[in-house]
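Going by the order they are written in, the chains are A, B, C and D; count residues from 1 in each one.
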Amino acid sequence: MAGNTFGTLFKLTTFGESHGQAMGGVVDGCPAGLTLDLSAIQEELARRRPGQSSLTTSRKENDELTWLSGMVERDGHMVTTGAPMGFSVANAAARPADYDHLKDTFRPSHADFTYEAKYGLRDIRGGGRASARETVSRVAGGAIARQFLSTLGVQVGAYVERVQDISIPLPPSFHSRDEVDAHPVRCPHPETAARMADRIAEVKKAGDTVGGAIVMVARDVPSGWGEPVFDRLHADLAKAMWSLPATKALELGSGLSGTLMKGSEHNDKFVNRGSRIGTATNRSGGIQGGISNGEDIVMRIGFKPVATVLQPGESVDRKGNKITLEGRGRHDPCVLPRAVPLVEAMACLVLADHALRQRATRLTFGA
Amino acid sequence: MAGNTFGTLFKLTTFGESHGQAMGGVVDGCPAGLTLDLSAIQEELARRRPGQSSLTTSRKENDELTWLSGMVERDGHMVTTGAPMGFSVANAAARPADYDHLKDTFRPSHADFTYEAKYGLRDIRGGGRASARETVSRVAGGAIARQFLSTLGVQVGAYVERVQDISIPLPPSFHSRDEVDAHPVRCPHPETAARMADRIAEVKKAGDTVGGAIVMVARDVPSGWGEPVFDRLHADLAKAMWSLPATKALELGSGLSGTLMKGSEHNDKFVNRGSRIGTATNRSGGIQGGISNGEDIVMRIGFKPVATVLQPGESVDRKGNKITLEGRGRHDPCVLPRAVPLVEAMACLVLADHALRQRATRLTFGA
Amino acid sequence: MAGNTFGTLFKLTTFGESHGQAMGGVVDGCPAGLTLDLSAIQEELARRRPGQSSLTTSRKENDELTWLSGMVERDGHMVTTGAPMGFSVANAAARPADYDHLKDTFRPSHADFTYEAKYGLRDIRGGGRASARETVSRVAGGAIARQFLSTLGVQVGAYVERVQDISIPLPPSFHSRDEVDAHPVRCPHPETAARMADRIAEVKKAGDTVGGAIVMVARDVPSGWGEPVFDRLHADLAKAMWSLPATKALELGSGLSGTLMKGSEHNDKFVNRGSRIGTATNRSGGIQGGISNGEDIVMRIGFKPVATVLQPGESVDRKGNKITLEGRGRHDPCVLPRAVPLVEAMACLVLADHALRQRATRLTFGA
Amino acid sequence: MAGNTFGTLFKLTTFGESHGQAMGGVVDGCPAGLTLDLSAIQEELARRRPGQSSLTTSRKENDELTWLSGMVERDGHMVTTGAPMGFSVANAAARPADYDHLKDTFRPSHADFTYEAKYGLRDIRGGGRASARETVSRVAGGAIARQFLSTLGVQVGAYVERVQDISIPLPPSFHSRDEVDAHPVRCPHPETAARMADRIAEVKKAGDTVGGAIVMVARDVPSGWGEPVFDRLHADLAKAMWSLPATKALELGSGLSGTLMKGSEHNDKFVNRGSRIGTATNRSGGIQGGISNGEDIVMRIGFKPVATVLQPGESVDRKGNKITLEGRGRHDPCVLPRAVPLVEAMACLVLADHALRQRATRLTFGA
């Protein structure tokens, strides 16, 4: 109930604070017999890692993942046993003393005030549990989920569609990781990527930050995943995306533009695709009545500019006295490139969970 | 796991199909000692009821709520005992035979295909469990949650901000129920309401449908509600809103427009409001780090035009053969006026749940 | 969290008070496509019904079950759709006024005092939610679970092994319902049954009550059901049995006698049974490491004598003043015959839940 | 759902295999502001540690606990922040190669066969996840729960009442840790303790094992903890106790002997104790209607002799061929002394959970 566990059958529990001993977590419910590619998991963490390019924070973390349980060796590969998989990631670059000056102050649009309101005390070191560093554990868990989904043929990809007002001039679609990672900004449209990088460099120089939008596409999700009424597949995906630190907007399929259309224009006609029944258009975003229909699942997540700016700002201290905060420390001018693996990780966790939930649906599984 | 229960401490379980025996549910976890106003609950159902104005479907349902358990009389009022509150609502206008022609066909953008893909069979009568009629149980549960929240001073209101492209020319704010319900379209801005009503009438005549946007504002929510990391207050609200039948887009606080700003512009400065610490602006939408900060919680939910149109349309049958569907039956040209109480109900359920969860947070409750 | 829901994938939520409007509940998570025998479910309720023989309370209830949702007709039979199955049972013989004299008193070994301590108020009518009448909903839910288990070849049976000190002189084993129900005391050993009936008649005459023990045997449970570490199959069965109103003791397999043996004597040797690996003895009671091994699951549940006696007794009122309680009303001299279907229902609910949970365990289901 | 998490509001998730990288877990939901005594927690682990006396296995483990998150320093003490508390314990004495000979065999009354039936593969190293070493994480979690309960005045104690047929000749009662730990057998009755130790030494010499019974008493539990209907306080305690590796029997209050009494003899009369209403006897074992009544909560847990004996025994291999198993390795002749802290840990986890759940029960907490 304390909100550190995600999922119902495929579950991830995370722990750790930005400048504490270690980050970590437990993946529970991953089916037994899954052959793991541990280096691929480590690569996912590298995509989220700070300091990977000049576009991100200069905090350096190796983010080396240690698996503590839940797997055995079989023929030279690690295989899941069905037991919970504990893991940890050290906090190498922790500098808790950097934050002493924040002890009695509340940084604007951070969680300083609300954590103190909730708990009566807070861990001031780098935002403590509220730090985006917490997401490293999500990437580890999501990577396991992704490898499980691979065995079912499901692919999940995300990319930066927009930075502030600079946007890809094409509708959302699936892009391979190679295309996405070709540019450090993780936008698969080269000209747009270049413009985005310029904007981020400019903003960084000014000690400021920008947001934008990420598109997530899940391909080849079998029809039938998702539970009515409350646990619709997109409701669980929505919760997943809104649990990320900077989400401000979310759209599914036709999204906002769909709300401007008429029903007769918006409906997706069913068509016979030979091996399966599909739809001629995909305004539904791959989900109807909360259940996947076999088309691409398409979501767009809008992110705000992160709150940590290097410009001085006004605030109040714990007693309500006005103070001026100096901007200092390391910061991310635009989190979107690093948020791409987070979006993918959360989508993988939701899909893996519903893949297992679907198994309980019919009298004879597989029928 | 089958997705028919919402909430963790304040829980609602619902059951019932559009044209089955009855709709109903169980509210579990409502604290003991709450004096109930049962007629106010019935009024909430009246706001959702079909046939309440010429803008909605002509299906007529009294939607009379029967409470089966969980309350006792004290001094002439019904009071909760802490036991689960079962309830049912009869399906008076059920016409199952109306749907026989749909047995082998999949209506576009309905859940016909996906339910069959999931379960191997489906209840064709009016969409069965996938029907929006299911939401009657949510309104009943949400009304109990609202009465609990009232004892804590929390108010939850929603209104229609936009129908297709006709929108209130003012930023979101709290409106009293009297203002909202003054016009059957449930838009508190009279000129806009009139234009919306015209548009809906026009669309209805054409046998078509339109969507739009609803704004939800929760006032006087104490600071400290919401759980990091996964169960952020807005993540749970997001799941709630995305569990509604026609949601396509969701924004919190500054929303999409916030994703276009710079961090230095977007941050909400803290200010001393005398009795409490507040923020000068509310781009955060009342939630920071997933926890309420005492400012208004503001969300905007975009709805698609509903899929049932009275125009003929193409589809396929179960075997993939092309067919033509005639539009017939009763339909809602624009669900937004009736969706206002749904949005409020879901918001109340989330807030009541987090009100109780907050009680487990500190060593000494109340400290 | 309020304790009115049981199970994780196959879930039963119950509501209702002894003398309230109605008893009822929701079965959620039953797989779609199960052909139901509704009259067999009604028969289960008849086995629990008060007034079925001279050995039980004289309260008369028809306990007619009404199903409200979750099933459709297919070829003349009702079939589950995968939607939640709501149900209700009217309280025909409710006599709330019978309990007015208890308003300010606490009956010994009842839940009067503890409910008031917990909730600050209580429903005095027949014990309200604490009444054993609540178990009628469990029998309905358990009957659905049993029909699901039947499709997997699993049988669950229980019988009265002991009334006070009168016990069957044979070790526990599976007995058919015909054998068990041949005598109203539900003991399949005729001579012992006759002695038990005499004892109950004698005790009833004295206005007193007696307890005893029930044995539960589940046959042909496939190996592999149950989850380490906390949700061991027997841990969930234990919780189920201890949730019944009068449980005081529980044993698995060799039980108490096993705790007196040496390890070398107690171990169950594995043997080759041709089609499967079995054990020569079954001191483990069909469960090893929390997981079923294919042998009979055998539990013994000890029940106390129920607290409602017709003899006068001392107690205190709400203010702590000494009072004398007159015994009056209808009462059950020995609940064991009526508890047999409860034990079976709870066992069926646990087994159905773990049947579904097992489906999520391996990479390829069925492999 | 995979069974590695215990509790609803105060939650413990555990991971780790006997001879894997590390044991560990996450405590989630502990209220913020609790001052921790970390050395007291380490002492709890020392009580469970193998090799602590000649009565236990000779496997030596330091069981040093590392806390990874969830606490900050305040005035020289560690204080909980409300964030999840990750921890790990290294497996210093792991000797995985010791188990290679078991690769294709199923040890009698171990979980070898059932794990393989469930998962299709198993970690053969020392029983893997099925090893009792897993309980080290429970003791860590239980110790946090205990420190939370201390702030509410609740004390939880357990002791060895019986080894095989050697039993304390007095009824169950609360004993201080000093009394219990005065003898390594953890029986607070010196003469009985000495006889138990002799029996264990004798059995050890023969390469055999014995079981017995442990009594658990929780004192000063406030009235009102526990949830009807399914989550009765004793149902959750029962699940906790039955989740321990060797449980075969459980009794509450009067237990088995209570099932032999008449209702008129068994009822606990209420009496005025001045500051509170109590009961003259405590056959209910401190719980009525599933809710604590303020009296001592008393349970007796029967343990079987553990399955690992050092005598040769028959079994079958994976193909069903008869084999002879040699007894070898390190083993515990009697686990009861080391099980005392486990019983306490599980009881503390249940009580801490219900302490928090009780906070959601009434309209105004504390009223």
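Quick note on the criterion: a residue touches a chain if its C-beta (ideal position, glycine included) is under 8 Å from a C-beta of that chain, and two chains touch if they have at least 3 such contacts.
Values in this document were obtained by computation on a predicted structure and should not be read as measured data.
Between C-D and A-C, which chain pair is linked by more C-beta pairs in contact?
Of the two interfaces, C-D and A-C, more C-beta pairs touch across C-D.
What is the chain whose Cα centre is as far as it gets from that of chain A?
That would be chain C.
So, what's the distance in Å between the C-alpha centres of chain D and chain C?
Chain centres of chain C and chain D, defined by C-alpha means, are spaced 26 Å apart.
Using mean CA coordinates as chain centres, what's the chain A-chain C distance in Å?
45
Where in chain D do residues touch at least two different other chains?
Only 1-2, 4-5, 8-9, 14, 29, 32-33, 82-83, 118-120, 129, 228, 360-362, 367 qualify.
Using the touch rule from the top, collect the residues of chain A that touch chain B in their complex.
So the residues of chain A in touch with chain B come to 1-6, 8-9, 14, 106, 108-111, 113-115, 117-120, 129-130, 134, 162, 164-165, 203, 208-213, 223-232, 234-243, 247-256, 258-264, 266-272, 277, 279, 283-284, 287-294, 302-309, 311, 313-316, 320-322, 357-358, 360-362, 367.
For the complex, which residues does chain B have touching chain D?
Counting only chain B, the residues touching chain D are 1, 9, 29, 31-34, 80, 82-83, 148, 151, 228, 356, 359-367.
Once bound in the complex, which stretches of chain A touch chain D?
Checking each residue of chain A against chain D gives 1-2, 4-5, 8-9, 11, 13-17, 20-26, 28-29, 32-33, 66-70, 72, 74, 79, 81-86, 88, 118-123, 125, 128-129.
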